[in-house]
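Two complexes come next, and they have one chain in common, chain A, joined by chain B in the first and chain C in the second.
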Partner chain A sequence: MDRRRLFKLAATTALATTLAAGAALAQEAVKIGAVGPKTGGLAGGAAVSFWPNVQLWAHDVNARGGLNIGGEMRPVEIIEYDDQTNPGETIKAVQRLATQDEADFILAPYSTGLNLAAAPIFDRFGYPMVTHTAISDQIVELSQRFPNMYFTLGGATGLAGGVVEVLTKMRDAGQIGNKVAMVNVADAFGIELAEVARPAFAEAGFEIVYDTSYPLGTQDLSPIVKGAAAAEPDAFVAWSYPPDTFGLTEQAMIEGLDVKAFYTAVATSFPAYAGRFGAAANGVLGAGGVAATSASFQEYAARHEQVTGAKPDFWASGMVYSSFQILEQAIEAVGSLDKEAVSAYIAENDFETVMGTISWDENNNNAAYWTVGQWMDGVFNGVASTGREGAIEPVAKTGWE
Partner chain B sequence: MDILITGLLLGGTYALIAVGLNLQYGMVRIMNLANGELIVIGGFAAFWFQTAASVSPLLTVFLVAPVAFALNWLIYTVMLRPLVKRAKSRGQLEVDAILTTFGLSFVAVGVMLAVFGGDYFSYSYLARPVELLGATFGLNRIMAFLGAVVICGALYLWLNHSRPGLSIRAIAVAPQSARLVGIDVQKLSALAFALGGAVTAVGGGLISMFLTLDASTGVMFTLKALIIVIMGGVGDMRGTIVAALALGVLESFVASVLDPGLTLAAAYLLFLLVLLFRPQGLFGRGQA
Partner chain C sequence: MKRDAWQDLALGAVLLAVAACLPWFGGSYWLSIGVTIAMYTVLATSWALFSGPTHYISLATTAFFGIGTYTTGLGIDHLPYWVLLPIAGVLGAVLAGLVGLATLRLSGVYFVIFTLGLAELVRQIITWVQNFSGQKGLYVLTDITEADIYWQLLGLAGIVFLGGWAIGRSRLGFALRIIGDDETVARHSGINTARAKVILFMVPGAVAAIAGAILAPRYVYIEPLLAFTPMLSFQVVIMALLGGTGRLWGPLVGVIPFTFLWEAISASFPNQTTLLLGLCFLLIVYLLPKGFVGLIESVRRWAKSREGYA
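The block that comes next holds the complex of A and B.
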């Protein structure tokens, strides 16, 4: 044996020893893929509702020692990709996770559009897809085409119906009249909800006195709020997206749009909303809600803030975390990384989550979801749902002070 | 009247977004695609000082301006001057600058994500109604409009009545000949670029008083600024201001009288008409 070979042998032995030692210290990690916007149009929303929960969930699981897979504790390793809010990139990232990173499971992407884009590719690779931020009225068709797709956050009809229900309740209590001003952002979400809400309001006996749309990214919303104010409505309803939810509220304060029911949609439940408007936010209605006083949510919110340094929102955040919990509980119950078995287990069981019990109807849909919440003293509690517990009574808004 | 004031206020916002780019593109021929990111950085500085230390955004801009000036001076001397030196023609410089600053915009978004996170930053400042001729307007928008007036006015005077300003305009017209009459082209180009950056960042600080920004919103502002600068005529301060105000008034008019859903269509129609009938922009000179 010459010197060179001796050296080689020594090196190989050393390497093998290190590897063996490493393996003994830690079990092989379970690879979990996470795809969502870090840049692009929806990055702001994902930074509040999605990414912190990915971090929190991985932290929680690993703090417990990992996932219990057939008696073996294995940590989770998250592989993150930024899809730039671009459906093409979402698909590419999921494909990459499936084929190159060989991820054991993939968390559902963020937002309705990106979930719909990614559904075929999740389906092709057989990954269970527990969505958390997909709002659609096409759930029946989707669940038939993609049997491994699950829905938790509800549909447009339910969300719009919740608003009609709350306004009807307030009208019957004599708090508001029946004139509604309705505006929507000219984007898939806003258009669909406005179209669903229009006949629903008419059916409930409301008169829509102002009805218009505005382009996404409108920098001056004052003409819209002025137009709405000129119609002298009793209630203002905006199917809005994050930047305009803030903009419409501020403009309503400036114009003195003093309605007893003021509703803005997405991002009303964000902590930044109360952070910006403070006491003026009291009484504002918005999309979503949670059982804010429930022990499970409060414990979750405290942990979220402690681990990620940010507060969760009062709607999607909890559902995002819950969808991860569902996956986690299913993997542990099945006791293996068999995607098909995990998916079958999800379909057949109910799950205890931070949002309460999640159970499925025949379309893999969580039929009981929050639809409307209301700000009061820094908390956005649910006031209407399609069958969840913990709702409180809506109150009339008393000015912007 | 109400519509006109709303439109002028919006036009002021647009002027803040576009004036800095006009300095950079019009005078130094650097089509800075990272313009929007600089707006967001200015906005973030205002947000941070307001929420963490309760410093008024109107004061923060005095801190933002020199920092942005220094930063842009550095970007120009380190990154862009080599491009200017090796460019054989104006066209080549524009292509190189577009590619470089496009890359810079990605870097800026990445750095902002790492530093501030991707969350929306929004705060409430001077969101008080002000009565003007029988209608109400947001005080923060009025303050931003006044800021735009001060900035645009100062730039206009500086460019037309001061020696460095006139020299910069000479560079804009004929970079080769400017050197012959004893103008330090390199130094003044850097000055104009840095000044453009400072103005943009200050604009960002002012508009953050009423717009909700996040790390990725920059590109939206870059697009708007491009339209305004090209519509007004590249390299002409008056053109940019007129185009910004015209766009603001048009959008407000359409939103109030016709339908808010048509504002974008109207804005692009105006842009199209200008390009069709006056391709050099409202105040631009024809290509020599």
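The block that comes next holds the complex of A and C.
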């Protein structure tokens, strides 16, 4: 067989396969847009918490036969765009999805800044916007302006308040004293958390014996940790970002910063954290958390690993998936692709998700969210929340061995 | 003034008027593309005003743009929006003036390196101030629509073109062309080269800051990572070079095809966007070393020489 005929045969086979697949998916697919960072500053976080869940959700829905829309099973088709961690690109991509691809629904983008950049467009086209990674203390104002925007992950006040609550609990149990060393990354979210925590610690009767900040991207964190150790604190609290969460922990091990409560913020809940520090991570406190022992989360985590080949993190991952579930349940309950009706349904109902029940307050905010979790034997379980079930008691950290 | 000059001005005004009709005909998708084109036209044209004649490559666009964004972000709750735009312009011009005084007496390489670091410097200063004062996240919640932003950018583009046209006909423009050809000759002819360069460098500084201030309401939430994205400086340089800096309209013919190319790549290859853009940069540099302006002019020359034979 010469090369040309071989090619023809291959082409025919490919065509036949495509046609057969097309026949199996006789129903027209529901187009779902997904915009998030694949490159740029937030690509690392999105690769852990966002994109695998897009893949998993599409897989789960299509494995069940698709979305049940008024008795008709229709598969979902995901249209993905990389926003390069640039709000201008997020805006363009959402516009493209809404007008060129005519997406039936669009999943909320990744991170606070990119969600807020996209919010006016979701609002203009009437897409429901169930955010999963937007953390804000301005929810009242935002929900008035963007009535179809929903918040699930909480705000800085709650996250910082959770830490104060946990430390207070540990102090009352006699596990720690009242001296706290606090550091923060000098960037938007780190500054905000430190600003909220300072008066909250004072009010709870803690003494802040060390309080400093470091620029985003600082490589050498040893002066920070040495300074904290010299102040002989009972607890170490770092309002940190992904690179420094790891860096501070490493330095604390090197310096032997032997505190009974050690907290780092963003990315402590990533599976890579336990992967890197192993047993030394035991007892480390961090931002977020899940009810890790709940059947719904365990079943989700197993499926996540099986389908995407990676473990979910113990905070945002579950919420990202839950936000997709909320959209899915609302679409099926309404039984049509009417954006307005789906939005109205989301506003008026509670939802059962892998993170448990999600319900809204008057500001479209999920007021009950996880604030602090703690590593123990490879699992990061929630120890404090603003009203979720499944929290376990925090324990004192016993060294870095 | 010569008749040609008036014709150029009239043509520019007509094109601007046509462009201003986009929000009524284009729909929201084309409007968002329009905003991107208008933004890069403003940035690349003002960039070329300075870098074209002087051959100093400035990578400071992001720094000025970020300052403008933060001016709106910090000021929107306290001052009327319209006051913020000139404030941003003044801040951008002052910063450009300071940077110019510090670096433009040096040779080109030092200038490039300094401007590259400037965005990071400004970003760190702003973060430090925020950290110091306990400033929370900045929200810019206004009723300014995408069409408003588009028209403002078009207006700014009109000002930039008019300014560039005027500078090209002024003593300053003449001085800069001489500096670009040979700085020593310029100095010996009695031109205060440092002053001329500093004054002209303030133009892209002010324009980029105003553009940042105009676009802040579009981003809603202002944070350093988003306001000081280093990519912006490079994109502006690449678009201006693709067009060609020898003519005032040069960057424009770079911005428009590049925006569509960018859009096509983003839409078709979501997983390889950055990779393919990098390849396009390489191709542009190899195939169009003088930009579209060079291409258009060599086609013109070729056509003329053919006429000569006919």
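We take it that the second predicted complex is superposed on the first by the 376 of 401 C-alpha atoms of A that agree within 3 Å, B and C clash if a C-alpha of one lies under 4 Å from a C-alpha of the other, contacts with A are read in each partner's own complex, and residues count from 1 in each chain.
We adopt the following convention: a residue touches a chain if its C-beta (ideal position, glycine included) is under 8 Å from a C-beta of that chain, and two chains touch if they have at least 3 such contacts.
Worth saying up front: this structure is predicted, and the values here are computed from it rather than measured.
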item	value
Touched partner set for A:R276, first chain B, second chain C, both or neither	first
Which of chain B and chain C A:L116 touches, first, second, both or neither	second
First, second, both or neither for A:D220, with chain B first and chain C second	first
Partner chain in contact with A:E80 - chain B first, chain C second, else both or neither	second
Chain B versus chain C as contact partner of A:V48, first or second or both or neither	first
Touching partner for A:E192 - first (chain B), second (chain C), both, neither	second
Which superposed partner A:Y210 touches (first chain B, second chain C, both, neither)	neither
Partner chain in contact with A:T39 - chain B first, chain C second, else both or neither	both
Which superposed partner A:S136 touches (first chain B, second chain C, both, neither)	second
Touching both chain C and chain B, counted on chain A across the two superposed complexes	38-41, 85, 186, 213, 215
Parts of chain B lying in touch with chain A, wherever the complex brings them together	2-3, 6, 9-10, 13, 109, 113, 117-124, 127-129, 135-138, 141, 210-212, 214-217, 220, 248, 251-252, 255-256, 259-261, 263-264
Touching residues on chain A, where the partner in the complex is chain C	38-42, 80-82, 84-89, 91-93, 95-96, 98-100, 112-114, 116-117, 119-121, 124, 136-138, 141-142, 145, 156, 184, 186-189, 191-192, 195, 213, 215-216
Touch list for chain C against partner chain A, complex	27-29, 32-33, 36, 39, 124, 127-128, 130-131, 134-137, 139, 141, 146, 215, 218-221, 223-226, 229, 231, 263, 266-267, 270-271, 273-274
Complex interface listing, chain A residues touching chain B	38-41, 43-44, 46-48, 51, 85, 183, 186, 212-215, 217-220, 222-224, 226-227, 242-243, 246-247, 250-251, 253-256, 267, 270, 272, 275-278, 310
